[in-house]
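In what comes next, chain A is part of two complexes: it sits with chain B in the first one and with chain C in the second one.
Now for the complex of A and B:
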């Protein structure tokens, strides 16, 4: 059973070890990379145990749920852990060469692995207060990583990032406190069960209406973590300020924690609730908790796609384009979730979650590739302003090829993973329309506009940065082979996963089924001797 | 010592008396923390407060010069001297806390599972209990003391 807790323990052990041997830099780096490899191994082992339809519950310190803290590993958690494992391994190898010696020996590796502990904890926990704790564990190191290089720009970005996230944490704590006082429990499976029984004879919850409001409050926090409009304003400056591999983690994995929390809490936990009386709002009528969030998610997703896409078109540098693009791309992840929340057909609902998961994977790979590519260009050239680039495709065919793959993955060209992500998003909206949810044409239209915007800003970055005559600076530039190697490996991975898409799809499908299988989740956590 | 002019005899005398009281209280809180109010965190902050008192009354260098008998490491250059030791304290504490939790796995129990031993008919003391959670608490204690003293020393030196 310890396999459930293994990823967290490995990351924690690596963090402590790298802190202990920080005066032996080479050993420290080796241990750090080894830790990331072991982490990936542990996630793979956990995946083999869990996928497709096993739910493993692990009662920490032997206290039975709902009194103790439970860790739950199902296909959904494992899918997200897999994303974290791939990106963090790439990022840590990249860091050993990218971060300067002093930075690495002082605190970089412990911070990185502590962030990974927090991320793994968020994906695995089955307790909503514990989720708050893991969010904090994840955020603390990320504050330091944003300010890591210590310039005035970094301080400014970190101040904004820290202040906003502290407000977010306070709101989250408030909402969780409210949930505890209305439901009387913090265990997610228990909350779900009590919500399902609400209002009946002798139930713990008489009137579930307050839970809906508190859940809406929580949604704002998760939207902040995921960087969805209107909570996106910390994103561009923080991504620009943090060192490239840390940005790859922030954009690739930390954001997905917000996405994961939305899927887990709203589709697995709160979906059990129904309002005592039907209410009618624009885009929503009825009593289901989940349906209530459909239009909200839709508005957030639409705003993200438009704001991110339009802003990315006009950015003067690569980092800016990628940062705004990642606001837009998260919109693409939320959009199918909005459709899935609104429809009642379980098949389409599962498809929407599959789309969100596949798109998350694609975005994590492509965006970490692009940010690290921008980092290695910055190291070699000293600038990633589009005006200073130009002609890279001739001078640096390998770099340009990797950028091309990353950009096409975001645009969604077959056979890359991005194609399937986009396809599933459109498929979800299309099927919802065919099934009678006529409002789904809106989602289709938004996705279409977003796709066109993605093509616009990516082709602009490509034209300005990579085509044309190489300047003297560009023609003579030497990029570090290690940094370039990591970027190329990620590019190859995007192609490979796209060509051999079948296992990715089945895993994502298992994840979606796990997210919707409420009784399976509750049974695993609360049922019998776990 | 310039600091002799900064604080009064009263302050220095009181600090000498108060310091051991604070530390004893901290240890008591640490030992009972597994099932009574107290624990590693509060004991750690109390201990850090006691050392902070020495810092305030006697100055930053006193601890190293007079008590440990070696040259002062203020101002700090490249993590040398006492802050490096504080750093090691944090690392040790983290390892102790995490290791204390992981030991349970070796016994086939869940991570962080704790045990307790009762000792009866102990001379003088009578009866007392030792919880394995003490290892975890000690770890937390070390982390808190190390981290707070690092902050006090570095910020105090500026």
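Now for the complex of A and C:
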């Protein structure tokens, strides 16, 4: 059973160890990288145990659920942990060359691994208050990583990021307190079970309507973590301010924690609830809780795709383009979830979650590639302004090739992972339309506009930054082989996972099934008492 | 009655927190954030119910009294500790803002 906690313990151990051996920088770096490798290994072992349809529950200190805190590993958690493992390994290798010596020896490695502890905890916990605690564990190091280089731009960005997240934490606490008072439990499986029984004789919950309101309040917090409109203010400045590998983690993994929380809580837990009567508002259908969140998620996703896409088209530097693009791309992850929440056909619902998962993986790989590429350019050139670049394709074929792969993955060109992500998003909307949900044409239209915007800002970045005659500065630039190596490996990975897509798809499918298999989840956590 | 008074007080505290967060003086913003998170803690305590005795099992031998929910108090302790850490960080960050910009007026801090 302890394999469930293995990733967390490894990250925690590495964090403490790297804190203890600050005086030996080389050893510290080796331990840090080794920790990330072991983390990936632990996730792989956990994956082999869990995928496709096992749910492992670990009762902390042997306190049985629902009284103790439960950690749950199923295919959905493992898929997300896999993303975290890949990106963090790449980011930590990149960091050993990218972050300056003092920064590394003082605090960078412990911070990085503590953040990984928080991320893993969020993916694994089965207790809603525990989720709050892991969010905080993840956020504290991320505040420090945003302000890491300590300039005035960094302090300003960190201030914005910290203030917004502190308000988010207060709101999350309110929602969780309310949920505890209305449902009488904090265990996610127990909440789900009690919601399903609501209103019946002797049930813990008489009227489930307040739970819906509190769930909606909680959605605002997750949207803030995922950086979707209208909670996106912190994204561009924080991403620009943080050092490149930390940005890769923030964009690639921390954002996905918000996405994961939306899938886990709304599709596994709150989906059990039904309202006493249907909501009489245009766009809302049925009495299920999910039917209520469908249109809301759709509006959030649409706004993110449009705001992110339009803003990315006009940014003057690579970091800005990538930061705004990441708002738009998370919109693409939420869009199939919105469709999945609205339709009632279980097959289409599962397909929507598969689309969101595959797109999450693609975005994590491509965006961390692009941010680290921009970081290594910044180190070599001292600037990533599009006006200062130009001609890179001739001077730096390998760098340019990697950028090309990352950009095409976001645009969605076969055979890259991004193609399947986009295809599944369109497929979800198309099938929903064919199954009678005519409003799904809206989702199709939004996805189409978003795809065109992605092509626009990526080709603009390519034209300005990579084509043309190289200036003297660019022609003579030498990029660090380690930094470049990490970027190239990620590019190769995007191609490899796209060509050999079958296992990715089956794992994502297992993840989607796990998200929708409520009774399996409840059985595993509560030990079959349900 | 207690319920009503607490509800009003919580509402007022949240209003005060929001008011302070919207000031341009950075220290007040941090105070506002602190008040908001502490208000959330007070709210959390009330979620355990307002009636009942101290959650200490007293009077053994079949004389146990109805106690209030101890779980929310454990939750609040956790939340207070987290709030303590984040407040310390936010104050440290404010000092850093003052160092780099020589002002804590948010309208003058360049962003």
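Following the convention adopted for this analysis, the second predicted complex is superposed on the first by the 527 of 530 C-alpha atoms of A that agree within 3 Å, B and C clash if a C-alpha of one lies under 4 Å from a C-alpha of the other, contacts with A are read in each partner's own complex, and residues count from 1 in each chain.
Following the convention adopted for this analysis, a residue touches a chain if its C-beta (ideal position, glycine included) is under 8 Å from a C-beta of that chain, and two chains touch if they have at least 3 such contacts.
Just so we're clear, the structure is a prediction, and the values are computed from it rather than from any experiment.
Novice: Give one word, clash or fit, describing how chain B and chain C relate on chain A after superposing.
Specialist: fit
Novice: Output check: A:482 vs chain B and chain C. Expected answer is one of first, second, both, neither. What do you get?
Specialist: A:482: touches no partner chain.
Novice: Counting touched residues of chain A, say whether chain B or chain C comes out ahead.
Specialist: Between chain B and chain C, C touches the greater number of residues in chain A.
Novice: Regarding the shared-chain residue A:170, is it in contact with chain B (first), chain C (second), both, or neither?
Specialist: So A:170 only meets chain C here.
Novice: State whether A:58 touches chain B only (first), chain C only (second), both chains, or neither.
Specialist: first
Novice: Between the C-alpha centres of chain B and chain C, what angle is subtended at chain A's, in steps of 10°?
Specialist: For this superposition the angle at chain A equals 40 degrees.
Novice: Report, in whole Å, the shortest distance between any C-alpha atom of chain B and any C-alpha atom of chain C after the two complexes are superposed.
Specialist: 8
Novice: Would you please give the residues of chain A that touch chain B in one complex and also touch chain C in the other complex?
Specialist: No residue of chain A touches both chain B and chain C.
Novice: Residues of chain C touching chain A in their complex?
Specialist: Within the complex, chain C contacts chain A at residues 21, 26, 29, 33, 36-37, 39-41, 43-44, 47-48, 71-72, 75, 78-79, 82, 85-86, 89-90, 93-94, 96-97, 100-101, 109-111.
Novice: Once bound in the complex, which stretches of chain A touch chain C?
Specialist: Answer in residue numbers: 129, 132-133, 136, 140, 143-144, 147, 150-152, 155-156, 158-160, 162-163, 166-167, 169-171, 173-174, 176-178, 180-181, 186, 237.
Novice: Spell out the part of chain A that touches chain B in their complex, as residue ranges.
Specialist: Checking each residue of chain A against chain B gives 1-2, 5, 9, 12-13, 15-16, 19-20, 58-62, 106.
Novice: Considering only the defined contacts, which chain B positions touch chain A in the complex?
Specialist: Result: residues 79, 88, 90-91, 94-95, 98, 101-102, 104-105, 109-114 of chain B touch chain A.
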